[in-house]
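Following are the structures in question.
Two complexes follow with chain A in common, the first pairing it with chain B and the second with chain C.
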Partner chain A sequence: MIFATVYAIALLCGTIALVIGVVALMRRTERRLGPGPGGPSASTTPGAGAAIDPIAAYLDRMSGELALPAADVAEVRAELADHLADSIASLEAEGLDRDSATREALGRLGPPAELGRQIHAAHQSTRRLLAGAGGGVFAAGGGFVLGYIAGGFMVSAVIIGLAAVSGVLMLLGLHLPNLLSDTRGLGGNAMITVLATAIAAYAATRYAIRTSASVSHRTPRTIAVVWAVIGGLGFGLWALFGLHGYQTWYIVAAELLIPMAAVAGAFWRVERGLPQAGRAVLAAGLVAFIVLPLGLFAVAGGASVTVSSPGEATSFQMSDLHLDTVAPMAPTKWLPEQDVISGDFAVDYAADLTVVTASRFSAEPATLPIQPLLANWRDIRFEAWHAMSIDLPGPGGIDTHYTSPFAVQPATLHGDSLAASFPFQKYRDAGSWWVVLTAVGPDGRRYRLDIGGGDYTSFSGTAWEWLTAPQ
Partner chain B sequence: MADGAAMSRMFRAESGDGPLSAERRRVLDALDGDVLTGPAIARRVRTGKSDSADQALLYPALYSLEARWKLQAEWLPGQDGVRHRTYRKRYLRPR
Partner chain C sequence: MPGPIRGQLLKGTTTLLVLTVLRDGELYGYEIALRIRERSGGAFAPSEGALYPALHALEANGALQASWRESDRGPRRRYYKITKTGLGMLEAHAEEWATFSMGMARAVGGATK
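Here is the complex of A and B:
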């Protein structure tokens, strides 16, 4: 417990430190990549009148070869302008007129295009490249955290907004389908997580590109391809094999958006600066997370929607379970009526298995050995059938749309009971299920030995496991 | 005035980084322990040399030395009150 607390505090402090460090780094990055009013500029171009034109033309031609961040280009222009001013002044002191001094000063620097190419190459060293890669990885980490937080807020705001609209529409008498009713809310939660992760992947790639461009003295566009490949592959592999949790078709589809978001972050308007969270954004956030929920609660209170349906069954018959779809009940001559076989199940979360057991009960409320009942039976097995949704009103039971079980496991003796394990959490569409114990009797026909029981299991695993899972 | 064609030949012949390497060495020698602007370095480098008009490799040399963390550049105000870009050698240990 103490270790977990210390670990949680260390993780929180580390994350906060990472975010603060990355925010500071990004401020510096944006100053370097953007023209920035505070930096050096070509406004130091010397002289006046006729001398400005050839110098400006020379600097423009030279700058055309500089594929560098804007602040670097401005710095080079300012420094060369300063140099030319000094040279021209020296040459004029030696007796040359202004035009001759300007031509001579420009000539000493050589052809502008060659000079631009040389200066461009000189800016890019292996050390800066390595520093840029390291800075990019660091910024990607902070960008992911910030993007995840922002993404969580954005997705939540959208959901709150949709909920508010839905509440108003229901107040107006419109019946809306509950799209997430079959997932017990797991689908909604997973979707929030995945969409927030996609926004985080976008931010991580964006931060990585702009930081490594700034540190390595390259333009964001020249290194975007490298980071797009790294981000697309890294986040793609993580989305397929790393994200573990509830899965269904629309969650898997959303997870495939994560690498696409990373690639989009590398190319979409990558030259533009990162947005600065100003007062308008903070005000919008306050509106989204304070005013909207209050409005939602007000709407929900006024709506007081009931979810009862007319004619809801309060009791049921055995025939409502449709167990004869599985097999007829075993005749009493082979399964005495005073002996009842009853099933039970438990979930082994560590192994993602549902353990099903069947035990013998008699008139006494005690468990008896099941072995004496098995003499007449062979090929004893548990059959898992798709079931009516147990979240709907009614007893549940076999879904008669299916004519065969979706999973079968042989029943094995464990002590005085029969048992089997079903990996329901690894079946793509297990959902509501019903497990029945069946066996082949002396007449060669298969019979049902109990009425079984059912539950709901959601898929738990990675997108890849879902894609390759049995139906 | 420097011959543009000759400059291009020199750049092309620089695949071995010879002229630029030599310019970098001259810049480092000229700087010694001082803090100098580009034009001041140019004057020191070219003093007494026959190609005193050639400054084509000065800034590529300065920027590449800065990129290799051999020089540290900083915009500082000069005696005229105008900010100039200055260079000084970067040392592992502060002097």
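Here is the complex of A and C:
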């Protein structure tokens, strides 16, 4: 227990260090991609200290026309300040006093607004725009990978934190509802993936904008809209059609957050860089990579849960299955008791289909041809009903909240068995189901031919398939 | 009216002049302006206001490469260096200018006699 606790603490610290490390890595790469002048600043402006500095006023007016990244603006200001210093010194050497030399030097550069507009236009070349677009795409890929790694650890850290809170509450006698109990862990796994992807989308768009702005010499704000549209549409289409796996309402809702995260990354404080961190934090992040798997192993080992399987259920009565909700059992005069029809099912994962079959057994038991038994029956079909969760204690059986099957398939004869295929994996929230063979008897009424059987099937597909799937 | 006439003639030639003086080595903005004036014997004096937009445009198009470093006489300067793209551009511009100037000389030759 102490071992697990120590590792859990190390796990949390490692996760935090790792996230900061990844951010630092992104920041360092960003600085490398940037054009930074390596030292110039407005402090090189000559004549500082005067009550009203005409040079500073000129440069301010000129800078007002420069919609460029801050580093570029600083470069232009420093370069022109240097030029003015040289020009004034030269004019003073020719005999002009300081004020006259300054006026003359400024006059030679022309109106500040016009100069600013011309320099701004000079920076906006197609070559830089294309380079910025290419750099942005490249950076988006890198940002996505880094964001996904950081997001995975962040979400894991949150889950571990929630588990810790849950553990404390349990010690205090408070039990939280298990929201994922009916998904056999699929919901939790899918949620981690989706949330990590949302964080990755945020990082990808943001990193693309920062890099693209830096390379194309434009302000992040001016290109944020373009990247927001690209990120929103791209990640939106991916969230709807690209993420294939377990789906339910909260997973789909989280998937729809992915394009919103991309758009948020484009606009939320995009002018600000990412926080800087030192090499020590990067080293801590590296250590976290080693600590995290060990911590996960320790925590997982200490949190084993015993789950009783449906097969271990205690004895039950046939009435517990509530099969009369479907139809009454076939009278023995049309379906002799010694002729038992029993069903089975198998999942065709390649086709996302569940294949149900029903066969006739004698007392031995041995499979017999089912065809002679069906002479009295017509409209033979398999009915799929919503069922009691088979993960809960009890035999399962029909969920009596429903009065009709959610899917029906005609039973077709294959050799000595009846068969049908149900696309349960494509039914929204099919969850637990129970399939029963029914048919219309000589009296024109529908009867059950077997007691059927059930299982749990999770939805498998894209968000779009879930949204358009039958209930 | 020599000033305005010279200004009109110089319009569009700043690129050629800048590339020409940078062919001999790296220079910063103010030095480029001085060098053009010196090399032309004072005949050409490009507007300082036009010089920096031209330098930045050439840099944006890959004709020049700029870097900050210490100068021989004073603080850090932004030095410009011509690139292979810039040399190609200089060659093309020089050829155009030669054609233009010879044509102009022939056309107005009689007027200056």
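The criterion applied here is as follows: the second predicted complex is superposed on the first by the 388 of 471 C-alpha atoms of A that agree within 3 Å, B and C clash if a C-alpha of one lies under 4 Å from a C-alpha of the other, contacts with A are read in each partner's own complex, and residues count from 1 in each chain.
As a working rule, contacts are C-beta pairs under 8 Å (C-beta built on N, C-alpha and C of every residue); 3 or more make two chains touch, one makes a residue touch a chain.
Here the structure is a predicted model, which means the values were calculated and not measured.
Clashing of chain B with chain C is the outcome of superposition onto chain A. Within the superposed three-chain model, A:Arg446 lies out of touch with both chain B and chain C [touch as defined at top].
By the document's definition of touching, neither partner reaches A:Arg61: not chain B, not chain C. Look at A:His83: by the touch rule set out above, it reaches both chain B and chain C.
In the superposition on chain A, A:Arg221 makes contact with neither chain B nor chain C. Within the superposed three-chain model, A:His123 lies in touch with chain B and with chain C [touch as defined at top]. Legend: residue contacts after superposition of the two complexes on their common chain; A:Arg103 is shown touching chain B, with no touch to chain C.
Annotation: chain A residues 40, 44, 75-76, 78-80, 82-83, 86-87, 108-111, 114-115, 118-119, 121-125, 127-128, 217 touch chain B in one complex and chain C in the other.
Remark: chain B residues 1-2, 4, 7-8, 11, 20, 37-39, 42, 53-57, 59-64, 67-69, 75, 82-85 touch chain A in the complex. Interface residues of chain A, counted against chain B in their complex, comprise 40, 44, 75-76, 78-80, 82-83, 86-87, 103-104, 107-111, 114-115, 117-119, 121-125, 127-128, 217. Here chain C touches chain A in the complex through residues 28-30, 47-50, 52-57, 60-62, 68, 74-78, going by the rule given at the top.
Of all the residues in chain A, the ones that touch chain C in their complex are 37-40, 44, 75-76, 78-80, 82-83, 85-87, 108-111, 114-115, 118-119, 121-125, 127-128, 217.
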